[in-house]
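This report refers to the structure that appears directly beneath it.
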């Protein structure tokens, strides 16, 4: 910045390179966008961030497509240092790859692009942990399919934090946000016994989906049951079982798992859902599993959020997950 | 619908008969309005819903009168299946009787209508569990008086979840929402020892009311004390005592019992109040008591709600109560 | 209602048949849903209302799909009597046909259904004036195509109240809400000279679209220019020209034509746009043209509205249009 | 304040006597509450302010009862000096009398108190101009009845700025906010020909009320018609006619006369209503009539307001009215 | 009030002396403003309230300056009786001293005034417990400096409930709200070992500040760690250590310690923060320590609050603190 | 972008270089940030944008400091093409210089930086039109002082669109947002006769300030008077007078000149203020004056805005001003 002729100014662009307080590295200074220059270098990244701004595939009208941009704005207020664990995420190399390109009126093109994006990540950054910011839950099926096509021999398990089964039939309305797990089961990408759904809620799932879940041997526990048992213990047990069965664990966090008092930006959050400190604890535990291969955060609609609370919680979910990942590396 | 000439349309009226997803029965498809045709049949109902849109009797300006309509809109987003207990409420026969007719400028007419409505329910549907959706808390006195007039020999107990005693003197301002319990005590409908108030809050009740409560032998515990003891245990103990003393238990839920972070639509909710999962647990336990004869939900003002969170919580309270009721039937 | 056993109750369903005040007929009591029984009768209707809840074809994330339901709730607060003209719309026979069925993940099915719905209206109700409640602006192309297929020999003109040209190229992103007029021009359904766009705004249209409009001979005037000339005069002149050229005039009202202070529920409304009284005046004038064959109201997102102001304005637009239509009949 | 031991503090109470900027007298420093000491003195006041916090008589749920308190908070941001006319309202002696005492559950007591309050004002302050801050529109009937009882021989005319006739039948629901003008006509306090209603709106009044208005010879003009003619001219003509017919003119301003974009705190404001600058102009003209004897401002619900815009507009209405009153005095 | 000529009125000023319900003393009737008359008397007060409306010293734009006024309005809805402990705060003599005078463009004058205000309190009311309502956190340094100058020989400890260390370097941007603890340490007013910070949060503090804290021997525990241990136990231990080391304990409550779901009015509140019932418990415990000499509540911006929830929580924090103080007196 | 390895992605940073629609150049693609590379080139710019994020000098608590960032986000939704005039602003070379550096606790440093920034612009870009985005109104005094120091021999006139005089005395509270014009008059930078204030409002200015204005010969007209005369004519007359008297005209737009219905983000906007289309017309006329040397937009607080309406209006003000500037160039 030495050539800049205005000593009394902070030059633009403000979002990416403002260095106001050298002693407090902020997340937006750490997660650097990958650009032409970078791509030439092909340096190693511990993790890569991918925005997936698709929500026209949502059953209910949703603006979750605006969430990747909301995340990037919101993480300006987080430092990279985690005082709880005395650990600094900025020691990880993390790149922001940008957003999957979406088509306005052909959702199948969007879904193809999402799958191809995951395959490209596996090709160009095979050692990086991909973190996907949705978008609605339909993207999870595409992302895992993309991963599976890159690693056809791996057995993939899913740890799902969600209020819903997401096991609706695809024949009526196609691969919407109500269908991703069924999509993966029916296409044989995932086995029922390799899915662990934690946080399901009464009165928001049909009995027929419960029966389907039982038929395919899917593992699940409702939020009410999990709370009685202790979220931490539930997560530990699910991870322990998954780690013995599968090669890789994919974490998908549907933000509607939150209690309705804690998730205004997740319109399907429910009375009696998960509290924020429980969710942060859960994702950190999963991040620390050495079989975790990717995660996504979905169904967060920033236009419905209040005081940016759910967006900030979503960013913290990502950082807590990376905290687990960093703790694992340090072992 | 076979005669409808438009195969590409969903015909109106949308609120009552849209059958979009046959596999996910929603609450609004299950709770059917009673109409002329039905009334001719006089079929049995397990429960009947009654709207009581009166809040001009509230001390503070309130639009709780809008709540019955808000409930009916909100329950469209709930399924009838409770995954936590693996039971389906749609196995219960439930009718929506409509709303008590209110007078604009004569509150005593409103109160009479409310009492008469409860008596009519006891006449026409003696085997049904009435669930009343307020309205402000003044309605509880009228509803229990109506019940008592239909069952003069029964000893009725009250389990009250509330931030307030509702024991104000009627001589100054009449039967407002601050008075229902005192109203019932003074009119000898209820004994003080048969009232159990759980969830009272410091700094929102006068000492004089505490003294009155002590004089009449009313049972109560503050939210802070209840939390230390465990809500579940407190409810169990209150139920156990009530079940030995009275013939019937009436549950009244004042939504202001909620913590202020969880109850934007209950304007009198307080810092340090009950959390949502605690409230849902409590009402389910009460619903399962075989002495429960009716319930009401009051003081929920949907015009002050945020993102419909408190209205949805209120609907869930009703469904959790019915869950308890269903569990009892299954025993 | 004589059999209803509860004299003190207003029975449900509340939205459709509450008769609280016999002397003040409200819009929701007048616009009756068409049901199986009605369809058997095939009575004449002066106008038919069709909901088109599609907005996943919108470039920006939109919940305009929620608008038909919002209209039906909002028109409960309007009477049918227009004091300005001393006429009562309830003398018109108007039916609500319901909503076009939409597919969640295949927008082309949605568009086909919309076109087929208009054709079905032309078949079953050839003498009725159709009023379509969107939805985003992509629906207009489908509705006019449907009309044209039913009346291939008619020359159709468009009077468009809009901030935008809606002339974007379809090759990139398909038939989105930015393209309807171009769609109709390219498919030869409409001639450029038969389109009159009133209310365009600087800084919200590309120069290339202006050049395209000039090439195809489209008629247009910006809001700023129209205000200087007088909206009323501008409408009169456009109608006069259209009436000499075409057989039928289709009115399409994009609610973003409103000034930003008057259209919170039209997210693309602009600083310096049309004021509400000007819009109401304009649509009444168009409704009175004896060549008007249909109208639609689009791009109103009730989830972004504030105090329901834009939804109520939208309903008023519909009623002002019908006022013009009634005035015409009376001549 | 010389005895106050803290030179670095601004002492409480803040609402009434903070003197931050000696050169900018604010409205709250000018309008002094009448207290015991004052009442002993019985000094002359040019005008007296009376709060009428009653809205439980409103047909729709309303919190207009909170408006007097909202006015007193809002007028802190207004100076007393009117630059437009170069006059200073603080040259008028104005006292705030406080609020009419309301009963919680007996609306007839409230109405009696309101009538008695007006009579007391006429007794104690016969030379003062009373300005009443509602509350809902039912109060107007009581206030004018009170005035009439104090001045039985005077012929009183009403200039009403309103979206509605307020001519509903009292037999069904008593003296609600939909009935004040009919109430006054039926009780022979006012003649139909002495009422001038300006600002009525299509689709918000029943035909039967229009017919009633015609039968009693009431004068009225809709907003749409008034705008074409010019509000200023309409007001001048109404005043001219009233001044020749009656002894005293009472101005009642129902804030729902505003356009919906300008009146979020007046829930019944309409699309196409009066703009703020038109309303301010109108009330100033009326205030300048030497026959004006009182005014009220009703149906402003501050809990529904946005950014306090309608409350501030309401305060400005009061100040513009007083401006007219002062201009008259100066002649 | 016997001279007041209007028996049907509640006279103003409403905020301070309305006595609507004699049996329910409210906080605003108990906390009386100190005025000229009072100051002449110099009666004893158990506690004094001081507003510190300064937030232009905040790093982020803040309207915390509006908070003292918001508190005074909000405490009207609290009674003085604490049912949890069966104790009435109105037995304490408490005076509201008003607000520290602030300069608009010279923050150092503001800071001086704040320091001088605390010194004046120590002079005029040496036996009173001062409670300061901020304002931003920069005020704490000034208040403690003022206290120290009045009591130079006392060793003062700080119990801080906060999401942040507030240990930023003063050399860059002066004594902002990020610096108060460092300010006190560097000016030798406080020893590092005498500061106990409870509630710190990962991702909102820089590593460099953690290192500084360690260097100066500051005691701290993150919210996550404190929750695992139990807030109550953590507070007890901190108090026990402080009580053995220091002469006086100053409690500073930064409202951003709250969970983001519970603190909309504390813009820096975080996902995973303290729940309201935990905070109330904590401050009551501290208030009961016989070494507590003062407290402040900071960083509450009422203009960002939702439904006044955080303001009410803040007032409750003050009352819970006074509850502890009263309990201590009763021992 | 040819090296970017992800054909299916839109790479970050999204704010500055996304080229989604080649045919619709958006404002954020046109106004490029000046960076090191650019500064080396020293190319010519027709206009330069400067953010002035200072509002801690505001009398009332303000977050107008957030406005420059809000502008940069909001102008993404504007195209560069002005259809009203058929001209494209992208033919102008415009650079975004960034934001003036602000100090947290020393406002005099902020003010110095602002003055120096204007001087630096005059040095480095003497031929560019500077457009400053505030911040509060105190910045105008500093900006004009900076300009004057660069051009000591020029006589500068001010055209001010404002609800207030901004003539408060500086001796009490320093150079706050209430003082800029007086500051410039007292420091002899501007003559009273060279100030034209248009849009002043009754009840928001003290008589003493009016008297001061008269004494110094300042020219002013209230909004009410200006509306009767016609805003366009008022502006023309003011410009004509200024152009004969001064060398350069500085335009300062205080967004509180807007009507309260049109300016939620300008907290001091008033009932009866300027409508948006009038403001846009006014600034375009001023921009077309060949003596205009700079402009600023102040007192817009985006945190109080609703649906971003005032921010968008502010951006449009800037673009309308540049439209005038471009029209002038084309002559």
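By letter and in written order, the chains are A, B, C, D, E and F; residue numbering begins at 1 in each of them.
Going forward, a contact is a pair of C-beta atoms (placed from the backbone, for glycine too) under 8 Å apart; a residue touches a chain by one contact, two chains touch by 3 or more.
Protein identities per chain, from UniProt: A, B, C, D, E, F = Agmatinase family protein.
Since the structure is predicted, the reported quantities are computational estimates derived from the model, not experimental observations.
Path length between subunit C and subunit E in the touching-chain graph (shortest route): 2. Contacts with subunit A and subunit C are shared by B, F. Ranked by distance of CA centroids from subunit B, the top chain is F.
The pair from D-F, A-C or E-F that reproduces the interface of C-D, where over half of the contact pairs by residue number are the same, turns out to be D-F.
Each chain gets one centre point, the mean of its Cα atoms, and the points for subunit C and subunit F are 39 Å apart. Averaged C-alpha coordinates give centres for subunit B and subunit F that are 57 Å from one another.
Touching of two or more other chains is recorded for residues 259, 261, 304, 306 of subunit D. Taken pairwise by the contact criterion, the protein chains fit none of the simple patterns, being neither a path, a ring, a star nor fully connected.
By the definition given earlier, chain contacts exist for A-B, A-C, A-E, A-F, B-C, B-D, B-E, C-D, C-F, D-E, D-F, E-F.
Interface residues of subunit A facing subunit B in the complex, by the touch rule stated above, are 169, 172, 200-210, 222, 224-225, 227, 259-261, 264, 267, 270-272, 304, 306.
Contact residues on subunit E toward subunit D in their complex (touch as defined above): 1-6, 8-16, 33-36, 39-40, 50, 69, 72, 96-101, 113, 116-117, 120, 124.
Interface residues of subunit C facing subunit A in the complex, by the touch rule stated above, are 55-59, 61-63, 65-66, 103-108, 138, 173-176, 303-304.
By the touch criterion stated above, subunit A contacts subunit E in their complex at residues 21, 23-25, 27, 78-86, 88, 259, 261-262, 275-277, 280, 306-307, 309, 312-313, 316, 319, 323.
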